[in-house]
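Below: a set of structures, written as structure tokens.
Shared between the two complexes below is chain A, which has chain B as its partner in the first and chain C in the second.
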Partner chain A sequence: MDISLRKNKTDLFIVIIAAILVVFFVAINLFYSNSKDNIISVYYDNEIVHTMYLNIDEEYIMDKEEFPLLLDRMVIEVKQGRVRIKEEESPKHYCSIMGYQSQKGTSIICAPNSVMIIIEGYEDTGIDWTPGGAA
Partner chain B sequence: MTTKMVVRYGFFLALSVILSYIEYLVEIPILFPGAKLGLANAVGLLVLYYFGIKYFSMFGVLRVVLSAILWTGFGINFFISLSGTILATITTILIAKHTNASIYGISISGAILHGLGQVIMVAILYQTLYMLTYVVFLTISGVITGYLMALIVANLICRMPKIVS
Partner chain C sequence: MRKRVFNQIILIVMAFIISACNNVSSSNSTEYQVIEKYVSNAISEDGVVVTPFNTTISLTMYNSKDTNEYFPLFEEEVLKLHKYFDRYNYYQDNTGKRISNLKVINDSYGTNEEILINDELYDLLNLSLEMTKLTKGYFNPTLGGLIDLWSDKFFLIPLENTDPDNDLITEALKCSASKENIDEVIVLNPIKKSVIFNKIDGCNGKVIISLGAIAKGYAMEKAKSLVKDVPSLIDGGRSSLIATGTNPNPNRDTWNLAILTPYTAINLGVLAIKGELTFSTSGDYEKCFYIINDDGSLTIRHHILNPSTGYSENYYRSISLLSDGNAGVIDALSTALFNVNDIDIIDEIVKNVEDYYLLDIEFLFEKEIIIDGKKMIDVIVNENFWNLIVADSISSVVNIVNILE
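== the complex of A and B ==
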């Protein structure tokens, strides 16, 4: 096939397109870093396996085949700015009984399934917590 | 395709499988984690130059499938690798056929789209857009490694005898 072995203007054009692509994705990166407060991290066996956003409704299904430490299939639901474990298998179903959580910094821990859901960020609740302190 | 060409094509294919295996075993930290030199893709460029688009079109997919059979298996990595290879192959063919880009432009565009294809597949498999931000690093490394591979291939072509008649 006749392919030139010397650099030409078209090559430069391709590099310029690549530069535009970089700028475009840097812009996306900045957009996502600005919306970091809405991030929900799903941990499985102490590793982040999925990221969700409080402002985007989504159902994340975790299957036993893919995550063998699960007791059975698990469904995590983000709906109207809140997150909950919709379906799970555990001895007393505490994970799903916890219901919806929406406060930044809170977590849903489902130890029997080795799953932890953390709403990233910090939200001042106005409560002055004093460990063990009774006024 | 003559017997000579089949043998030479097989030789290039074996070389690319071995090179991709070496890169799989020894991950050289170049620029960013996950970025690779793309030595196997350099062999692909030689195939494009010597055998033409028709044989190049199946070269990348054959390499990925052979690597999966021999070493890596048909897990998630296979699909990530396959998506990158398919996107890079399509881009390379389109650019080689419809523009007058040199081996440098072809190599750079192929390297960039290879990374982009892989990131898209990761985003689909893990249902997260987070990986898309990684495109920035893969694009920069794609330009650099694509240029380097083209430089190697251009020098090889100048020094090697015309192997395919």
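== the complex of A and C ==
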């Protein structure tokens, strides 16, 4: 069998390049899917205006000047894998009373301010619907 | 050699492209996904942003194709119905003309003016009158004045507050119709699809029609007809639910619903139901407050008001109803039954409604008791309802189950 050292070096070079590419794409894919699983979409007047991540602590401030349907300034906080409306103006402050949410598929709806926060994704808990009781 | 290197790199790149294509095809528009979309706010004639039915209404579907096809129709229908059933705001149609909605009807109180209304508002008013009689007056659509006395006092969670002035409550009760005279107060003309809102003798203020306990369910039922048999969950403010079709969840084919207890994070059990269903629950633990009695004990006041007394009742902590349709009727019934303490009268009212609307209705009532200082729940339930509860899901806070055949 005719084995050429020169050819082996080339093959080795190709294998290394391929391995680097594979590691690179796998890393990118893992990072992307991880981020996607943790996406929090902030809706204002039914449009996504900001995206946050459960795994990245952040405070997002919405001002009335930019979002005129707000009753006043609103602060949305992501902290330690949970999201809440930290500050807002609404009748009896229902929106901030709801506190932190962290489960995929759940939402915080602040109708008086036309704001909705959805933790994207779905987590099958075995229950399709849980009532709230205020008929 | 260069050509060979180039070919190998091309092969690697193609492998990644194929891999990427696989990812795209796996997230196609019919792939199982739980997608919940909420109905947006309405804008009144005065430019006020109004939350439809004063709550959140959503449609959950299980792939993006169905969601994109049905949600716009669903949302349009719910918003349209909200505008007709809203008693607080005026709205205009596409031509800029004010629509004849519930606020317009309330404005006409005592004027003898005949208001022409659309089919849905006519149907809803007619349904409300029927339910008033079928529930022996425990459901009452003319409590707007009474509700306005209480509504600002309620809170999302129980906090301390005080009752409205009792004299005001007495006056408000004089301004509500009874099951005996409601047909003379709200006079419907089925041919012209019109309504005349007549005065009540002895009422010094105004009678106000409020359809809050029935309108949302009615609207959900109408919107359901647009979704047809496509699997979906229609959620009305976390108190009403319509499920259509079969649950496409790959792990089960039943719709699994939690039944709440008044205690945070404790479910009484889980209902597992195949196929279409209508569910409604009423509880005293939201939209409520408490008063401190002279002896230091607490009494919960909540949003379900007894048309006879003007106050809320504390017979039950929660009522859940399950049916095979007609969400408006089921919502109104759960509200009415909260005011009934006698199980025989409950049976009679439920039978009245079942026979009239050709429905099968199952119910579950939760009563709170205290045993050795520990809060427990007594359950009064239909046998059929109880059989739908997943056995190993029943909470340890359940004390006694009274199963009715």
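In this text, the second predicted complex is superposed on the first by the 92 of 135 C-alpha atoms of A that agree within 3 Å, B and C clash if a C-alpha of one lies under 4 Å from a C-alpha of the other, contacts with A are read in each partner's own complex, and residues count from 1 in each chain.
Keep in mind that, in the parts below, contacts are C-beta pairs under 8 Å (C-beta built on N, C-alpha and C of every residue); 3 or more make two chains touch, one makes a residue touch a chain.
From a predicted model like this one, the values you see are computed outputs, not experimental measurements.
Novice: I'd like to know which partner A:Ser41 touches here: chain B for first, chain C for second, both or neither.
Specialist: In the superposition, A:Ser41 touches no partner, neither chain B nor chain C.
Novice: Just chain B (first), just chain C (second), both, or neither: which does A:Leu69 touch?
Specialist: second
Novice: Would you check which partner chain A:Ile97 touches, where first means chain B only, second means chain C only, and both and neither mean what they say?
Specialist: second
Novice: Going by the contact rule stated at the top, is it chain B or chain C that touches a larger number of residues on chain A?
Specialist: C
Novice: Looking at A:Tyr60, would you say it contacts chain B, chain C, both, or neither? Reply first, second, both or neither.
Specialist: First partner only, chain B.
Novice: With both complexes overlaid on chain A, does A:Thr51 touch chain B (first), chain C (second), both or neither?
Specialist: The answer is first: A:Thr51 touches chain B but not chain C.
Novice: If you stack the two complexes on chain A, which partner ends up touching A:Thr10: first (chain B), second (chain C), both, or neither?
Specialist: both
Novice: For A:Ser114, using the defined touch cut-off, is the partner it touches chain B, chain C, both, or neither? Pick first, second, both or neither.
Specialist: The answer is second: A:Ser114 touches chain C but not chain B.
Novice: Taking the superposition as given, does A:Ala18 touch the first partner, chain B, the second, chain C, both, or neither?
Specialist: Both partners.
Novice: Which residues of chain A are in contact with chain B in one complex and with chain C in the other?
Specialist: Shared contact residues on chain A (touching chain B in one complex, chain C in the other): 7, 10, 13-14, 18, 21, 25.
Novice: Provide the residue numbers of chain C that touch chain A in the complex, in ascending order.
Specialist: Touching chain A: residues 1, 4-5, 8-9, 12, 16, 33-34, 36, 38, 40-41, 49, 51, 55-56, 155-157, 213, 233, 235, 237-241, 243, 247, 249, 251-252, 255-260, 267, 270, 279-287, 303-304, 318, 320, 331, 334-335 of chain C.
Novice: Show me the residue ranges of chain A that touch chain C in the complex, using the header's touch definition.
Specialist: Counting only chain A, the residues touching chain C are 7, 10, 13-14, 17-18, 21, 25, 45-46, 69, 92, 94, 97, 105, 107, 109, 111-112, 114, 116, 118, 122, 124, 126-135.
Novice: Per the contact definition, I'd like the list of chain A residues that touch chain B in the complex.
Specialist: Its residues touching chain B are 1, 3-8, 10-11, 13-15, 18, 21-22, 25-26, 28-29, 32, 49-51, 60.
Novice: Across the complex, what residues on chain B touch chain A?
Specialist: Those residues of chain B that touch chain A are 48-53, 95-96, 99-106, 108-109, 112, 126-130, 132-133, 135-136, 139-140, 142-143, 154, 157-158.
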